[in-house]
Amino acid sequence: MASRSALAVSTFLCLAALAALSAHAADPEEIRDFAPPADYAPPNASYFTFTELRNIDVKQGQFANVTNVNVVSFPVLSGLGVANALLVYPPGSVNVPHTHPRGTETLFVLEGTLEVGLIDTTLPVPVLFTQTLYKNDIFVFPRGLVHFQINKSKYVVRAYASFSSTNPGLVSLPRTLFGVHIDPEVLTKSFEVSSDIIAKLSAVQP
Amino acid sequence: MASRSALAVSTFLCLAALAALSAHAADPEEIRDFAPPADYAPPNASYFTFTELRNIDVKQGQFANVTNVNVVSFPVLSGLGVANALLVYPPGSVNVPHTHPRGTETLFVLEGTLEVGLIDTTLPVPVLFTQTLYKNDIFVFPRGLVHFQINKSKYVVRAYASFSSTNPGLVSLPRTLFGVHIDPEVLTKSFEVSSDIIAKLSAVQP
Amino acid sequence: MASRSALAVSTFLCLAALAALSAHAADPEEIRDFAPPADYAPPNASYFTFTELRNIDVKQGQFANVTNVNVVSFPVLSGLGVANALLVYPPGSVNVPHTHPRGTETLFVLEGTLEVGLIDTTLPVPVLFTQTLYKNDIFVFPRGLVHFQINKSKYVVRAYASFSSTNPGLVSLPRTLFGVHIDPEVLTKSFEVSSDIIAKLSAVQP
Amino acid sequence: MASRSALAVSTFLCLAALAALSAHAADPEEIRDFAPPADYAPPNASYFTFTELRNIDVKQGQFANVTNVNVVSFPVLSGLGVANALLVYPPGSVNVPHTHPRGTETLFVLEGTLEVGLIDTTLPVPVLFTQTLYKNDIFVFPRGLVHFQINKSKYVVRAYASFSSTNPGLVSLPRTLFGVHIDPEVLTKSFEVSSDIIAKLSAVQP
Amino acid sequence: MASRSALAVSTFLCLAALAALSAHAADPEEIRDFAPPADYAPPNASYFTFTELRNIDVKQGQFANVTNVNVVSFPVLSGLGVANALLVYPPGSVNVPHTHPRGTETLFVLEGTLEVGLIDTTLPVPVLFTQTLYKNDIFVFPRGLVHFQINKSKYVVRAYASFSSTNPGLVSLPRTLFGVHIDPEVLTKSFEVSSDIIAKLSAVQP
Amino acid sequence: MASRSALAVSTFLCLAALAALSAHAADPEEIRDFAPPADYAPPNASYFTFTELRNIDVKQGQFANVTNVNVVSFPVLSGLGVANALLVYPPGSVNVPHTHPRGTETLFVLEGTLEVGLIDTTLPVPVLFTQTLYKNDIFVFPRGLVHFQINKSKYVVRAYASFSSTNPGLVSLPRTLFGVHIDPEVLTKSFEVSSDIIAKLSAVQP
């Protein structure tokens, strides 16, 4: 008994186009055990195994080395709601202030002593929480909040992060603020400093 | 050590078909900053900008004019959980009783004075909430509840809606009930009126 | 090393108040096997059992009888994402056009032959889908869409509904539109009929 | 004013690939009335109707017969958050201990008397809840918990399940534990029995 | 037939404590039309109405004025998934670079001409998107990404924001990075500038 | 203009009771930076720090030792969507076949060589995936699927689990199936073995 006008047909085509549009997006609930491999061949055990952390080349310098184990590098995670990362901190290095826009992080110290900091969004003055972490300690950085780590020791520190998203994302604040050529008037007014200070902050970014 | 029978292979193909099936659907969490454009070219700033509200042709008459800014008309919204609409009410016009099946609405009055109504689902007698809104007032219409507006003034009223979904949908009740040729027996029994009243209600719908 | 001003303390109290505020709401993911009983006594098997459908008194007349098995009548469902209802249709009765604002429904015919209708949101003219269901048939009414049933047979029909929410809600359209004293100007303009027709539609509602 | 390096372009291609990757997954919120049919032709009422439960061939024996009405067998359910199943229990048959990894189940007895059991995750000793269900009774099996049914009567029992997912999945424990050739050392240590008992348990699985 | 040991009872009490613990949190699906008022009195229409934007005192200076309409200032929004804000920009003022950790924003220009900027998370060099917005234009700032606005005109600019969360939160970057006394070694290494520049950036924050 | 009957008032009280009912449940989206401590005192850095993994007493024997870092033992995780666990495997020990009803697990080997197994839900014959993991390897156990580990080496193995839920739960299969006194008829029919084998399996459980 269903009736449809020609108009409805064209409306339907519009809906179908919308379906195609909205097909890309997601950290949804699974409706299968796991997403099949991209080649649609039956998976074997290696599909569930990540072995690229066995031999990590550590780049010396003042920045922490991060190896992401997320849905991009490890596709089986698609739709499963969790990701990881290995962090190696050379002596004296920092993991610069940053946020993860799509996930909470727990950081577990594998080796060494690490200083961490987290800033909440209390208004008008945010609150800084800092802690010294020892081997086997865990610290929580809730979703979207600014945080950082620094290795003030003489030894390499290693830590392992767990995230509540398969692709938590990374907003690196020094580069995002001073490495993309934001209008200097925005920056001088926002940071309330002179343009030569903004210029110095920007000069060191790539 | 993983082993699979031929049977498992065919089962797997079934799962893969399911994957294709389930690809269309969603207002899910993002796992990227934003969904890329349909042409997969790198986006520029215009991808994030909606300019079609600059010059709205207002159609006079007894119905409000609605321009939707949702995932269909503004694809960058895909997966981002919010949409908008501009509403222009000629003097004496109504926005007929309707629901949005997939989202809550907040309505902000840009210009003029507007009467609004909302009906909840209290049983057995629902409750009507009505209000007169002035410029800069906001009223909330929770997801799925029947609501309407009327401009009882002599001036054009303009308002701007925000939704909790990228595609909240619209169930226009006069047309849905009386414009699709529902079996008159259903309508006379449901509305408890004679068939000639149902016929009159139906005659004016397209 | 964490420091906080007195200001932060008062801001914190505000957050705590917010916590209390936001405590009520939800069809969320479980973080336990099930929500404990309201009396916090350990549950026994009867906590998981609903027996009130054994002897349903059927009220004759022109309307279907509905018994809800949702989180209000069966609290163990809290947080579990599913609810049910038993529907009994005397001969000639209707389940009036309505929506469920918070859930999709599947309707399973237990006994008899039932006519069902569903209207989508295609614009500008919605599409009506109608079907005759026989014993053991299932029909789907997606979330928020208008639907109805009518028993055109001489026999009692029984059906069992499943919902995708623990409390899908009910917007009964005859009563919501014509039983709550909406401003007649809104209704005459919206339904494009004279005020005496609106008066007749309203007179029969409680 | 937006600027992009060639590097950004290649990064973008990577994001686009990710989009394709993540397209398959989901029990997400709808952004449409319903997912269109796979052939993208306008749907008619049969798209919303499931008629395959009309004539179920019951296979006699010691196991319950299950017919799933989920997103695989009834694609309109895609994105709608609910599924069903019909269960027919020959006299003396069991529905073996199992879990549904992706959904809560409510079980409604259509005909006969059924014994059910549910085990929670209390530590260190889980709790068993058992119940005798009569016609029209409902029992809840929360997501992921082990449960079973047995028909101890001389008559066929029929029941109808509702799930909070469009594809709740099934982990059949006898077959999963003893039918896939798990290393016997794992099983003897886990179940704390001798290898000949494990061998007997495994011998009867396909 | 259910049996429980004393041990299970104490385990149950632990679960009940967990229930209390987890009661605070949420932007969940509603299971009611709307959350009742905190005083649990039946709501009236004013419960759904926000009138505090009628007369906004604008504070002159170099920063935008923001009035939030979120679940804290407008409790009816609890569980409804949307919030708003009114922004007034004196001539020459900025809305400093910031993120919203819990929601996407669409910004609608009510009056005047506004420059906006958005930075994504492309690696290793993020991409800046900038745009000049005119009256009635909308720009999208996806969840968690850094963005800012500046009024380069001689006139007051007004804009209205919509968010995909009832409490999107605010990470103000100048204050978060330089106003909470982060260890200067972290900041000099992260921003790769001398400690006197960090000192100047910090000196101007409260 | 809102009007309410006395009936509506009592209906409202019912809704308020429902609000209280539904307050306990959840792994929802946050609407704050983090849930405040149970004592509602402003948190300090120790609120975000878990130090109980520093000195784990390992109990020798044939079972793995598990220390959970979830919302019960570490309340700051409430609403943040992630949890962890430390696993220590004495030589020859197993982590018995089990499921996590509410979360996916990634397992990272900290020290030693570990055999793991995962069984999917392919029908009619599930598929077993097994793997030998070395230090720094990660394996994924998707939500709700049966999995196990065994340390076949002569050395202690240590591993660290990440979960996609703040309280993933644990269904230990030997104890759930054979330690709660399930009706032997259910077990003999389900596992298709004689009652003396079921008796032996049950005798060793507490």
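Annotations for the structure displayed:
Just so it is clear, A, B, C, D, E and F label the chains in written order, and each chain counts residues from 1 on its own.
To be clear about the criterion, a contact is a pair of C-beta atoms (placed from the backbone, for glycine too) under 8 Å apart; a residue touches a chain by one contact, two chains touch by 3 or more.
Chain by chain, the UniProt names read as follows: A, B, C, D, E, F = Germin-like protein.
Predicted model only: the values in this text are computed from it and were never measured.
Repeating the A-D interface, with the same residue numbers in over half of the contact pairs, is the pair B-D out of A-E, B-E or B-D.
Across D-F and B-D, it is D-F that has more C-beta pairs touching.
Relative to chain C, the most remote chain by averaged C-alpha coordinates is A.
Per-chain CA centroids place chain B at a distance of 19 Å from chain C. Taking the mean of the C-alpha atoms as each chain's centre, chain C and chain F sit 34 Å apart. For chain B, the set of residues touching two or more other chains reads 1-4, 8, 12, 18-19, 22-26, 28, 30-33, 35-36, 42, 44-45, 71, 101-102, 121, 123-125, 127-131, 143, 145, 165, 167, 169, 181.
Residues 62, 92-94, 96-97, 99-102, 115, 117, 119, 121, 123-128, 130, 143-146, 148, 150, 152, 169-183, 185-187, 189-193, 197, 200-201, 204-206 of chain A are the ones touching chain E in the complex.
Across the interface of their complex, chain B is touched by residues 1-2, 4, 8-9, 12-13, 15-16, 18-19, 22-26, 28-33, 35-36, 38, 71-72, 75, 78-79, 167, 181 of chain D. Residues 30, 33-34, 43-51, 53-54, 69, 74, 76-77, 80-82, 84, 86, 103-106, 108, 110, 118, 120-121, 127, 129-131, 133-143, 145, 160, 162-165 of chain E are the ones touching chain B in the complex. In the complex of the two chains, the chain E residues touching chain F come out as 3, 14, 18-28, 31-32, 35-36, 40, 42, 44-45, 71, 101-102, 165-167, 169.
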